Each structure stands twice: as structure tokens, then as C-alpha cells.
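Both of the next two complexes hold subunit A, though its partner changes from subunit B to subunit C.
After this line comes the complex of A and B, so read on.
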């Protein structure tokens, strides 16, 4: 298992290499450049050309690539054109809001989705199951920004329970920090919970039809114990896959929610950097997201073995 | 009953008289302090107001930086860091006296050396500066508080140009101006009422009160005259979603929300604690033609477009509620009395499809593809584009609509082979020499002997010759309507909103937060 994990980690290198080269080429191929963004809509061509030269963007693309790649290999992602800091620093600064938001959203989603999903499977085809399925469908279908705006209208504007937008660092107190994350996390969790609950329900239904469940029941094991001890753990494997991939998806969902709620996270950084054509930051963020995807996938694979002794590597 | 009224009036007078010294004494103190929180629609990409034309840059930067001259509430140029100026009778030498006692935020006094270094940087980097420096022979400092600008040819708009809020001729310490060169300046040291304190990208920009600010005393308003920084700090928060900006102002999380779309206006009106500031001198949308290449090098086709469009339809689609736009032929806004003209009113907003088709036939147009570029990043541009395309198709133009994200559009419009028309908005200019699309290098590439002639005349005419200037302004606008470098759609108004915590705010073309305070 350790050998397997080490092999997978080593495989990261070519993956990141390919992602790096592709991203560099793609973003330099799309039109637009930071100089015209800095100078604004009424700048003249001469001014833009002047600034392009000052920023080193007039050099041939392969020269820029060699310079950039040489630095990346040494662990230096370069400097942001706009933020007056290194890319590594910028990513580090934006990591905490996204990590907090993702963790809270995932926790909320799991806390709601797993019990309600199992319950729906157990009460299959009842009124509860129908309502459950409707909510799940809503959760998966409603875009998170819309949920977000409605949560703001209700909980921030009408009830004044939470701030409308903005992020409070945990350094300023755990209460305000959580307060600034509850609404965006709920907006994200709604979609997320729909996905996970649906999976939990379906896999529990499959498991409940298995022979060993019937055996357990016929032995006289009580229903709560059947569900908790026999069904739950076996139903967990497909659910873990969904949780894993959705955790990575949360990063992309966070892009929109972070923009609506003005959270200075990785998603916001990515959106801003793309609209400003801040090349080094875009490259850095995409590399990070690729890294997260690969690591989450690895973690999911390793979790299978922990959950199901029949799986070995 | 008569006696009752008299008694009541007396009572009110007595109470007011008793309270008056109390209230005036108290307000000056209670105005001081607190934080003004502003939700902005866009984050500045640089704070260098000398290089950037972006509104987001300017409205933060002008709290920090000041120039020798600036515009007042009526958009007239008046001294700011300058005490005053004198022009020689031949109009070739301007002697500008600097105000004494002005200090930079680093504590150093402002000297003629700083001014010269700043002006020279401005002359290289900004459009207005380059235009001005075509006439500048040299700049000298006879002493520490005098700057002398010698011109090689008369340029009457010199002082106006120095006070232009677009890519402004701001004064910064000599060493900083020289270090920055062509790069946007990153050491933000100015003379303004607020000091640049902190920028956390994506989160907040913090300005703090300048305790050593040397204010003028005149009540000119606008960007000059008496400026008091009442608040301890001004915070700018970038909040992308307009709905969230509005919600934040209504809950008091922010005091001021910038750039709201007009369709939120009913919501603003419904909330008693909110004040809607409808900004009349804001922007005018226009259609820019490629005059360097393609069908629109022929002026008759540009005129055809002018007759093909119906400005009212386009403005209604682009902006929405009638309170937020007006049909107006002016290159300037009616509030800008010194330069406003209505010449061309007989052409503007006179849709005539037959005339348009006749002009197209005359120009020999045979259905060549017309590339129309616009962006979805700004809702109004997208809306205008969707109405413009069918209006052009109705007279027989073969329109190919190409919709891009804003940075892509900014890039493509610099290359003549990529487009025939694009839609954009023009923020207020203060002098015809500063109108961006009159420059031959701006996308659209307008070159015109007729325009050069009238602009040259304008440059020679002293600012004091009001009647003559108005006549020339009419001529400039007539050239604009005959040659159609840009087809104007109308005047677009802006919507800013603030809550009842913010006091003393006066409406202006862009927001500023001196002479404004918050109640606590």
C-alpha cells in the first residue's frame, strides 16, 4: 500500500508538467493582455505597447516560457503583475477562505445528506421519500449563486443575522469568522448535499436488498442496528467516491459563491486574474487545482481499502 | 388663533436660538472620526492615476494625489496645488506659482523640482500629456515655488489639460516619479487629504486621514477648493454583484454603493433610509467605426449608420428606465457650460432609412461583412449590441456580431483587421483636445484635416474669449456630425446609493469622500 501510494505521488510529476505547459500556452493564446487592462479602456496603442515592453510581455512566447518554466522547476511561481506579491504568497493568502469555506460546506452537506439519504432508502416510496427526492432535485438544479442571493435577502437583509458579504479572518474571532462563512457555505452545501444524499439513498437501497441484510433481520437484529452496522458501512463506498470528486468540484463551485459573497479565496483570485490576464497567477492557481484533484483522487482510492478489507493495492 | 401662531413661532425661534450654538459647536466635532465604507464594482488594477484611464483607479487615487489644477463642481478648471498662474501676452510662457506649505505624505515639502519631474512623466505617459508636450519647449524652475512652462507654439488649453481628471497630471515626489518611469507607480505618496494605507487585493483598500493636509479655503467643490477629511478612514470594498452592494448599503455594512444598474432603482426608492444619487455627467455610449481599414473608411457609410439607428431604442435597451438616459447631441454634457454645444442636433436622432440606403448605394456598398464587436461583461453594451445589429440589418448591412469578454475586446480593437464597429462608453472629457477618439492613435484611428483645423483654432483661442470659443466648439461638433468618427447614442446616467449614516455628500461625476462624514 505504501509502495502504491508512493508510485501515485511520483506520477504527479508528469501530470503537473503537462498541466503547466498546457495552461501556459492556452492563456497566452487567448487575446488580451495585462497592459491594456492596467491602462484602462481609453488608453492609446502607443501607451499599451510602452507598458507591454516595460512588463517584458513583448518578448517572444518561447522566451517567456523558458524563463517561467525555469523558475517553476525551482519552485518559484513568479510574481503577480497586479498584486505586488509573489504568486506563492498570493495563493497562500487566498487559501484560508477557500479551505474554510470548502470544509464547512462539505461538513454541512454530509451532516444533512447522509442521515436523510439513508432514511429515504429505509422509507423508500413513502411520502418522506418523495419530498426527499424533490428537495434533492432542487439542490442539484438550483445554481449556487441564486441560492446565495436568496440567502442574503432572507438572513442578511431581512433578519440581519449574518453579514451581507465579506470575509472575517479567524484572527478576529471564531464567531465573526463562522458568521462570515455560514451563508456562502450553506449556498454551496445545498447543491453538494443534493448530490451526496442521492448517492447515499441509492447505494443504501442496493445494500438493503443484499442477502446479509435479510440474514441480519431474520436473526432478529433491530432495524437501527441493521442500518448503522450492516448497511451504512457497505453503502459508503460509492458515496465516498462522490464526496471525493465533489470536494474537488467544490473548488469550482466556490469560484461563483466566492464572487457573490466577496470571499477572498482561490476562486475569486482565479476569476480576477483571468479578467486581468495576470498570467503568473492564473498558471499558479491552475497548477494548485490540478494538484488538489490528484491528491483528492489518491485519498479516495486509499480510503476504499480502509473501508473495504477486500480491496488491496 | 392669530396669537397662537405668533406664540408658536416665537417659541420655535427661542428654542432654535438656544440650541444653535450648541448644534454648530457639536457638529464640527461629531463629524470627525469613523470610517466611510464604500462598496465598489471594480477593483483598480493600478493606483497610478497618471497612467490609467480607468474610473476605478481615479476615484481612489484622487483622495491621495493632487495636481496643480483641478476641476470644480461646475467642471471649470481652477488651481489646486498652484496658487495661480500668469500667461505672457503672446501665450508662449506660463508662470505657475505653487502654494506654500504643501507637504507630501512622507513629510517632505512639495517643490518645483517635484512638479517638473511629475509633469515630464505625465508628458510621456498620458494622452493629454503627450498632446500638451507637443507644444512644450521646456519647463524651468526660477525658484523653489515657481514653475515656468515655455511653449514653442500657443496652446490655450494648457491649464485645462493640467487640470484634466483623465490620466491626471498629479504631483508626486521627484525620486518616485523618476524611479517608476513607464511602469505604473507603486509608491503612493501624494499631497491629498487621505493617505494610502493598505491594499489587500480582493478585500479592501484603506485610506487614512492626512493630519497634515494643507487645504485650500475656497468653497469650489468638485476636486478642488476646501477639502476636509472628516473620517478617520475610507474603506473601499470590491463587491462584484450589484445586488449584494445594494443589500450591504441597506443593512449598513457599507455606507455607499457605486455603479448600480438602473433596474435596481425602484428597490432603492422603496427604502426610506437610502438616497439615490442619479449622476448626470456620467458617460455617453457610442458606436466606434474602424476608419483605418474596411468599408467604414468611406464617410458615407458612417453617415448611413447614423441615419439607420434610432438612439431612443438603443438607449432604452441599453440602460432601461427613462430616468437614466437622455437624448442629447453634445460631445459634452449640458452641465459643462463652458464647452457644451448642441450643434448637429439636426442630424443626431433623425432616423431616416431611405437616406441611409441612398448613402450606402452611393458608397457602392454591396453587402460586405461588417464585424460588430461588443462584450457581455457590461450588460448595457450587450443590450445595445443586440438592438444595434437588427437596426443595421434593416437597411441592408451584412452584420456579423462578435461577442467577447472585455479584455479580449480591448485587445482586438487595437488591430484594424479584426473589426468594423465596436460599442463603448465615453466618460466625460473637459476639453475637446482631450476627447479620446479625436486622437489618431486610439482604436478607430480617426484622421481629419477639418478637425485638425478647428482644434488648432481652439488651441489658439484664449480661454477668456468665451463667445469665440463657443463658436469654435459648434464648428468642432459640426465636423463630428459630418465625419462621424463615432456615432453617439445618448447620455447615460449613473446610479449611486448611500444610506442615512453618510452626511454631506454632494453629487458629482465620480464619487469622492472629503467634506463628507458618517454619523455614529
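After this line comes the complex of A and C, so read on.
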């Protein structure tokens, strides 16, 4: 197990390198000279030259990459061009709404997806299962920001149950904080709930065909207990793998949903930075989310091995 | 094709309906200029944000433009972008997948690069790429295709790895056939089904990605309407003109849902093993339920 974990961590090195190169190249993909693009058409040649020197753009590309990557490894993402603060600081300041939103959406998705998925497997090929599969498909076919707009129209405008937009920090009370997150979290969760529920259904179907389920049933174990004790726990293992992916999807989906609900999270920060041409911030956000994605997936793989004693490495 | 459509209607009526919906959307998009629609960019300040009526079945927007007409014209842009992404990412994914699957020397490095690209959450990478490349339909297609081609490449690689071991490919190698002929005639042709299925899903994902990018102002810019930039215009009128928010969204959902339904159906119908497996499982379940009756429900 330790050997396997070490191997997996080592395998991350090339992946992280590719991630780094991609993010680095993003800023060098800008057609023309990034410095003059950043400064706009009115900049003088001296200003452009100064910024080029400040960004290190006058050096060879590989030197720039090595310097940049060395800094990133030490947690230095550079300075924001617009915000007059470091990128790390800017991201940190915007982290709380995004983290709260993602966590709540994941909790919501799991709470709905796992029971409904198991039920669909148990009632396979019935009307319930068909409706369930349609909802799953609908979930992956709806843009989350449009779900969000509809939820606003229904619950904020018509029923006045939740605020239309904005974020309340948990420092102002847990109730208002949750209230400001329920609609965006529900909008985000719908798609991911579909994916998790489908996985839960498929793995439960596989488990229900196992010999030990037949044994349990023939022993006279009652059906709810078969589901809860024998099927649920074993079906959960493959489901765990999609939770990692879904967490990363939620994090990037938050980019768009935050814009709809005007939540001051890192998604909003990234979108605003695009219109401000604040490339270091965009780089930082993309890098952070990719890093979270890679780490979460590693954690899930290791957890997978820990959860299922049949898996040995 | 005819055989396939017949099988679809008989065994997957919902997917057959989805094909019909797609046909209507595509026809409307192609025929938009000859349909009896008001011009999508005709301002009518006296009829701003008018609710649905006979003259404007989907209502009007904040400039008094006809929402139905704009939804139809948006389909031209969004479908074209979806199609563009599908073509580019399928072509790139096929080339990369065939190369990685067939040539062992390329496999390792190529897969590391693809894994790296797939470590980025899809929409975020597309956003960052468009931000770097600049806004516009062509850059948008490149950005979204770059995000989705590694998934296609993985699928083609997996098929190639399996097919490479098959006797008919080994026979072709033994007969001295060239790599290009082996890859196209023997491998690609037998890997088409998963590739086609994946392409429909990429098409669907591309339309969602386009909607998100245009909504954020990173797609095709107004005055050219797209479903996403219509929603961007509409979302501040959610209280006063809900129809303005509803119809572009419905168009996105109908298109994407239909594509997903068709993709699922093609996969199930084209894979005889999947169907046989399902039948075998169902038969076994029936046998088992006779042998071991389920206990009474509580």
C-alpha cells in the first residue's frame, strides 16, 4: 500500500509538469506581445519595454518557464496587474464563497444522488427507474447557469424565499450564510447529482447480481437490510471515484454560477480578471483548480484502496 | 441508415423523438432566412420586453427584437460551433489515439500530455484559452476542441490497443501491408462506433460550453445572437420578462438533451454485446427470482 501510494505520488510529477507548461503557455498564447496587450493601445514604447522587462518577457521562453515554475513551486504566483496585491492574496480573499459553495453543492448532490441511485437500481426497468434515468440525462443537458436563473425566478423573485444574489459571510450567522448559498448550490448540484446517481445505480446493479446478495436473500435477510447492509456499502466504493471528479467539476462550474448569483468567489475573480486582462490572476486560478483536481483524484484513488480490502497493490 | 432508423423507432421511441427534435432545430437553423420571421436585429423600441403574443410568439427582448427569431438565428451560430468542435476534436483525437495506441514509443509521452490536459476542469480551461486567444468563433472552436480532444483520443487509443492484437490485424502485418492502410482500413474502420458515439457527446458538450462562454461574454459577441449571449442580455430582466430567459435556455436544453439521447441510443443499438449482455442478465435475474423468491415487502 505504501509502495502504491508512493508510486501514485511520483506519477503526479509529469502530470503537474504538463499542467504547469499549459498554464505557462496560456499567457504566451496571447497573439502579439502580451505586454502591449496588457497595457492597451495607448501605451508608449517605454512602458511596454518596462513591462516586458518586469514580466521577464525579454528572456528566452525556456528561461522564463524555469523561473516561473520555480516561483510557483514556492507558492509565489506573482502579482496581480489590476488589484495591487499578490495573486495568492487575491485568491485567498475570494476563496471562502467558492469553498462554501462547492462543499454545500457536493453535500446536496450526494444526499440526493446516492439514495435515489440505489433505489433506481433496486427498482430497475420500472417506471421509477425510467424517470430517474431521464432526470439524470436532463441534469447533464442543462447549463447550470440557466438552472440558476430559473431557481432565482422561482424561489427568489416569485416566492421570495431566498435572496436574488449576493453572499453573506458565515460571520454574520449560519442561517443567512446558508440562505445565500442554497440556490447557487442547488443549481450546481443538479448536474453532478445526475452523474453520481448514475454511478450509484450502475454499481448497485452490479452488486445486486453478486453471490453474497443471493446468499443473504436466501438466508431470509429482509430486503431493506440487504440493500442497506450488503448492497449499499459495496456499491459505495465505485461511487467514491466519481465524487473526486464531481468535486473538481463543481469547482469549475462555480466559475459560471458565481457570476449569476454575484458571489465574490474565485470564479467571479477569474471572469473579472479576463475583462481586466489581469493574466497572472487567470493563471493562478486555473493552476489552483487544476491542482485541487489532481490532488483530489489522488486522494480518491488512495481512499479506494483503503475502502476495499479486496484491492491490494 | 434506414435499418438503423427503423430499429431506433421500434426499440428507442424516445431517442427517435430526439432525432425528430434535432431535425427540426437543424432545419430551422438552415432555413432561418427563408422562414417568415422578423429580422433578428430589427429594433422596435415601442415593443420592448413585450410578453409572448401572436406577433411575437416568444415575446420581445430589451430592444424590442423578436425572441423567437433570435433563438432560431442563434441556432445557426451555436450549431456551427458545436459542429466545428466535433470535427476538430474528432480529427485530432483520432490521430492522437491511433498514434498512441499503435506505436508503443509514442504511447507513454502522448498519454502523459493527454492526462495533463485532462487534469484541467473542462470549462475552466476553455475559458482561460479563450481569454488568451481572444474572443471569436474560430478561437472558441479551437479552445473547446483542445479541451475535449484528449477524451476522444483515449477512446480511440483503447480501441486501437485491442484491435492491434486481433488476428486480422496481425495477418495484415504479416502480409506486409503499410501502417497507413492497417490503421485506416483495419483499425479505424472497426473502431468507428465508439468514435461516433463520443462525437455526439462532444457535440452536446460543445454546445453547453459555447453557451457558458457566450454567457460570460467570451463567445461570439452581440449583435450576432447566440443562446448564451441572449441569456447574458436576459438575466437582468428575470423579474420583468421571464420569457426572455426561458426560451433561449429551452433551446439549449432541447438540443443537448436530444444529442445525448441519440448518443446513448447509438451506443446501445450498435453494440450487440451490450444488448446480449443485458438480455442474459435479465434472463438470469428472472431465473434467480423464481428460484429465490424476494421476501415480502415491509
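Everything that follows uses one rule, which is that the second predicted complex is superposed on the first by the 245 of 313 C-alpha atoms of A that agree within 3 Å, B and C clash if a C-alpha of one lies under 4 Å from a C-alpha of the other, contacts with A are read in each partner's own complex, and residues count from 1 in each chain.
Methods note: a contact is a pair of C-beta atoms (placed from the backbone, for glycine too) under 8 Å apart; a residue touches a chain by one contact, two chains touch by 3 or more.
If you're wondering where the values come from, they're calculated on a predicted model, not measured in any experiment.
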Regarding the shared-chain residue A:260, is it in contact with subunit B (first), subunit C (second), both, or neither?
-> both
Between subunit B (first) and subunit C (second), which, if any, makes contact with A:141: first, second, both or neither?
-> second
With the two structures laid over each other on chain A, which partner does A:83 touch: subunit B (first), subunit C (second), both, or neither?
-> first
Given the touch rule stated above, what does A:282 touch, subunit B (first), subunit C (second), both, or neither?
-> second
Using the touch definition from the top, say if A:157 reaches subunit B (first), subunit C (second), both or neither.
-> both
Is A:272 in contact with subunit B, with subunit C, with both, or with neither (first, second, both, neither)?
-> first
Which holds for A:149: it touches subunit B only (first), subunit C only (second), both, or neither?
-> both
Overlap of subunit C and subunit B interfaces on subunit A (superposed complexes) = 30-31, 145, 149, 152-153, 157, 259-260, 275
Residue ranges of subunit B in contact with subunit A within the complex = 43, 45-46, 51-55, 57, 125-127, 166, 181-184, 186, 199-203, 237-241, 243-244, 247-248, 250-251, 253, 377, 404-408, 410-412, 414, 424, 426-427, 436, 439, 441-443
In the complex, subunit A residues that touch subunit B | 30-34, 36-48, 50-51, 53-55, 82-84, 90, 94, 145, 149, 152-153, 156-157, 160, 163-167, 259-262, 264, 268-269, 272, 275-277
Note: in the complex, subunit A contacts subunit C through residues 14-19, 21-23, 26-27, 29-31, 125, 137-138, 140-143, 145-146, 149-150, 152-153, 157, 209, 214, 217-218, 220-224, 248-249, 251-253, 255-256, 259-260, 270-271, 274-275, 279, 282-283, 285-286, 289-290, 293-294
Which residues of subunit C touch subunit A in their complex?
-> 112-113, 115-117, 119-125, 127-129, 131-134, 204, 208, 211-212, 215-218, 231, 234-235, 238-239, 242, 245-246, 249, 252-253, 256-257, 260-261, 264, 281-282, 284-285, 288, 292, 294-295, 297-298
